[in-house]
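The following pair of complexes shares a single chain, chain A, combined with chain B in the former and chain C in the latter.
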Partner chain A sequence: MEPSMPQQTSPGLAESAKPPKSQSPWALARRKFLRNKIAMISLVFLLIVCVMSVLAEPLTMPVEETAKINLTQMSKEPSAEHFFGTDKSGRDVFARTLHGGKTSLLLAFSITSAVIAIGTLVGAAAGFFGGWVDNALMRFTDFMMNFPFLLFVIVLKSIFIESSTGTLIFVISVISWTGTARLVRSKVMAEKENEYIMSAISIGSSSPKIIFKHLLPNVMSTIIVQATITLAAMIVAETALSFLGFGVPINIPTWGNMLQEARSPDVLTSKWWIWIPPAAILTLTILSINFIGEGLKDAFNPKSNR
Partner chain B sequence: MSIERKNTAVLKKDKSTNELLLEVKNLKTYYPLKGGILRRTIAVVKAVDDVSFEIRKGETLGLVGESGCGKSTTGRTILRLLEPTDGQIIFDGQDITNVRGTSLRKMRQDFQMVFQDPYASLNPMMMVGHLVSEPIRNYNNKSEKELKQDVLDLLSKVGLPEDAYYKYPHEFSGGQRQRIGIARALALRPKLIIADEPVSALDVSVQSQVLNLLKELQDEFDLTFLFIAHDLSVVKHMSDRIGVMYLGGLVEVAEKDNIYAEPLHPYTQALISAIPEPDPRKKKERIILEGDVPSPIDPPKGCTFHPRCAHAIHECQSVKPILKEVKPGHRVACHLYK
Partner chain C sequence: MLQYTIRRLIGMIPIIFLISVVVFTLAKLMPGDALSGKIDPLNSDPEYIEEMREKMGLNDPIPAQYVRWMSGVVKGDFGDSFIHKRPVMELIGDRLPNTIVLGLTALVITYILAFLMGRYSGRFAYSFGDYIISAFNYLGLAIPSFVAALVAIYIFAIHLGWVPASGSIGSGVEAGTFEYYLSKAKHTILPALVLGTMATAAYTQFLRNDMIESSRKDYVRTARAKGTKESAIYNKHILRNSIIPIVTLLGFDIANLFGGAIITETIFTYPGIGYLFVESVNSRDYSVMMAITMMLTILTLIGNLIADLLYGLVDPRIRLS
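== the complex of A and B ==
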């Protein structure tokens, strides 16, 4: 028995002597993020909301059904048949909340993608090239910043009266990228002073390659955090616009359109089930997105040890 | 003694042919300082002011001077990483001072740089394998397999283990990172490598390893070095010839042995006298320089060194000395030698 002991331990030793698996900066951040409880709970919650919204139709009813007015079922309290009750037109609140989530989240994700894409490209180009490119792009950004958000959206929505969700996505994206552009520009300007950029120039890398392979990966953490902030802001923006009646057409259920019903004092005070569900999910979704953003910020920060 | 020196000189000439690889003529790099609402130029920082020298094929020219004297700026301007204000850079018989865009990018494969800070000069988000293969990717269409083989060859050349390929810069020490930087500079088999204080950020024990690596690589790949440093003993170890810079200008250029045995410029004399002597019994006279290095925004008139020079004569305050040959192969910019 005894002579076999060293033989048994030697493979174990060899195993431990092996160098630890390579740690990319991304892998390190991911591990830190996975250890962050609040962020993970928020992520799970957001995923559930997303999945349920996407599966709104198989879970409840087709979207056309949710728009049907049912005079026999007006303002019913929550019951086994209607989990969240029905609204003043007799439409199922649960189904509308799920379908509303689908529209609201789709809108927010689309706008965020567009905003981050435009903002990153403009900001990176301005920050990297500097000089007249920077001047031209930043003056254009300033110009776009001058548009008052609500007024601009309302006017455009009035012009394109036959508007759809797509128009809204386009209109909001076009004027919301400016903040991201400025942020990315300042980050890129700071990052490009690092010697590794000069080193990339000296080994003959082209400017697009330097921007996409060297600069952007190093400012990506900022961009991702900015994306979560934008995502939360865009859900709020959609809700606010729909609440005011300038958002998504009223026949399409969104969280904002549903909250609009709370404008009547009767609903607000005595028919809580009509507006509490969308309001609660909206609040929790935004909260969880912000927690995720906070967790990501922490994960990307090499100085935090959470 | 003199015969011996001649012999070494002949030997050196064999290694470094008389053919010039790099010729720098009256190079000037000025930075405008802008201020006020109108962003007008209110002053000019003369980082490199009228520097001329040449490097022969296969030799190492050491460039020494205090921090802020324009050594690094000179190196970066030669590589066209900074824009020269005036002057000429002739590399391998070709004037590269005004080459731009794609043609400049094409030429870059012949001259490479090893950077000073091994922590800032490697992209932290890139795997070492990608970092080292990047220069090859920029110029060749090689398959991933060939690229990987090239990178592994380079890693072993600079003394890094094979598994470094899949690691990231933060997993290495300063010396190892500098080896990665050297592998990157070497990847394109350049003719000239400008090493910008490649060991000043490293521990003394690691410095010699990296320096010896550079020497070995020089022999193996017939490299020509412009070696920038502020540490005189490091420069002595590495160089064939040495140039001394002060406040943006070159004050003395000579063969290594000449400059250490017989420094001519008062500034060089002060520098050489400051080298620590390992033998405590040996008495040494140290020349202590008075005052600080003047600002390159408003350098002194005449010889830029005259306010600190013990031997300054009247002429030094008004006339700028030019670099001229006072002995064979020994050039100095000083009014004391005529």
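== the complex of A and C ==
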């Protein structure tokens, strides 16, 4: 036994050895997440993609320019002038990829917000009130779950003659909230059994106040993880629908609309620069969102100790 | 079990009724009607059109039209396709075998791949091979199926030229001959591979995690203590227990395969149900669209029932009630 042991420990070590009693679950989760290398790299990548998409106009050209057909610049290979070359109508692929990212990501974020909001409200109401409210809401949720996703989005979408991004957001949100509602309901039901909810009820807090101030903050970690999963799924949904021709109007650049060009054999065979860039960025974006979701799940899980 | 199944099937009837109301309402909300596809462009006389509308019952009140449609559906008659000028059921009957062949091939590919990869990953968890497989899984979860299909066509059909890029049968091949089946297999394998491989990730992960969990259980320790060979422990004891939960996923897959086929079939222009659906929506062929929507929704219901039944079947601790 060396008596000089305590003096040898470095100050950094001593600091981390402090009892973490002052840390909130959120701070703990944040620390765990920041230490997760893959999740952090993914987050940085996603941020870069988002920032570049948002800054699409100052970085390249206005949206109107990207739609302009330029007959002198048709199907040019990548060069210093056009980083990713030009497509069959002479439009710059790099500019379109950035603008496409803006539309695709904005759509995915909007749909995710709507889906999470509807799902959380329905789930929280069903879980908190129980009884006939729960019964009615959950029967309705189960009923909505029977409809195959892609099929019904396409059917709903074709009702609207004037297709815009707004109708697409509406149509996808209407169908996709069910999973979130079920998840939130089960979490709320478990959380409701705690004493603090009992005491909140017994001192006469109103139901909305209990739900929003006490219940939801405590199931927030689940909702956040669910939101990341939804975000990835919605990017896929939007691009797949646009690819099939049921999504965003074709004149607006999105990753799905750009990939639609690859449906012509000529582009797919010999003009790789038209479809590989959106395909690659799309896949990498979804991959990074998945990693972030996994990292968050891990960070919020008190049992994991990474 | 039988009682439970019958009860569930009876419980489905009101749901199917509600679904039919929803499908019919949606179809009615769509722009244009059954007639718009039938009008002869050379004879667009308003009087004639009005006469046709009257004849087809399109001027009847909506509930009456619903009852007429539904009474046909109950008898398995979904009306005629306006584009193909044939009964819808005949048309679907033509395309359905293609989708079933594609779906089953994809399912077999999924199960084989997931079984092999999951078994390896579960046994050699945290090894180099396990990391490769989980990297593959992450990629599989991230790549949208239509991107995977494009890449697959680019590599295997165009650059390597091993298989054709579209269709379900070569031209000029006579039905029933050996060449016919060979051509069919060649056309099916690429879409099936794409559809099947993309679905493996969830299964592989499931099997892997279950095997890791099982390997810590007491019965495994007992087997080790008895001196059972490591390979026998994994192949006979653990695998047998871990493979069971995967079977239950089959029910959910039935509906998923048909739904997923919409994208894959469209890209490969593979003449199945999914492609027919996209065609019918594009050409506003409502009777076909309604029939496919009804069919696939009911299929989802049945798939969920099968999943529940299988669950009770393989795990006797779960009481179905």
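Criterion: the second predicted complex is superposed on the first by the 284 of 306 C-alpha atoms of A that agree within 3 Å, B and C clash if a C-alpha of one lies under 4 Å from a C-alpha of the other, contacts with A are read in each partner's own complex, and residues count from 1 in each chain.
Assume a contact is a pair of C-beta atoms (placed from the backbone, for glycine too) under 8 Å apart; a residue touches a chain by one contact, two chains touch by 3 or more.
What you are looking at is a predicted structure, and each value in this text was computed from that prediction instead of being measured.
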Chain B and chain C placed together on chain A: clash or fit? fit
> Which partner does A:24 contact after superposing on A: first (chain B), second (chain C), both, neither?
Replying inline: first
Partner chain in contact with A:202 - chain B first, chain C second, else both or neither
first
Q) In the superposed arrangement, does A:143 touch chain B (first), chain C (second), both or neither? A) second
Touched partner set for A:62, first chain B, second chain C, both or neither = neither
Should A:194 be classified as contacting the first partner (chain B), the second (chain C), both, or neither?
first
- prompt: After superposition on the shared chain, which partner residues are touched by A:214: those of chain B (first), chain C (second), both, or neither?
  reply: first
I'd like to know which partner A:166 touches here: chain B for first, chain C for second, both or neither. neither
**Message:** Quick check on the superposed pair: does A:243 touch chain B, chain C, both, or neither? Answer first, second, both or neither.
**Reply:** second
Winner on chain A touched-residue count between chain B and chain C: chain C
In the overlay, chain B and chain C get no closer at Cα level (Å) than 6
Contacts of chain A common to chain B and chain C in the A-superposed view none
Touching chain A in the complex, chain C uses residues 15, 18-19, 22-23, 26, 29-31, 138-139, 141-147, 150-151, 153-154, 158, 165, 255, 258-259, 262-263, 266-267, 277-278, 281-282, 284, 289, 292-293, 296-297, 300-301, 304
Listed in rising order, the residues of chain A that touch chain C in the complex are 143, 146-152, 154-156, 158-159, 161, 232, 236, 239-240, 243-246, 259, 262-263, 265, 268-269, 272, 275, 279, 282-284, 286-287, 290-291
Seen from chain A, its contact residues with chain B in the complex are 19, 22-26, 194-196, 198-206, 209, 213-214, 217-218
The chain B residues in contact with chain A across the complex are 76, 79, 81, 105-106, 108-109, 112-113, 115-117, 120-127, 134-135, 138-139, 163, 166-168, 170-171, 181, 184-185, 187-188
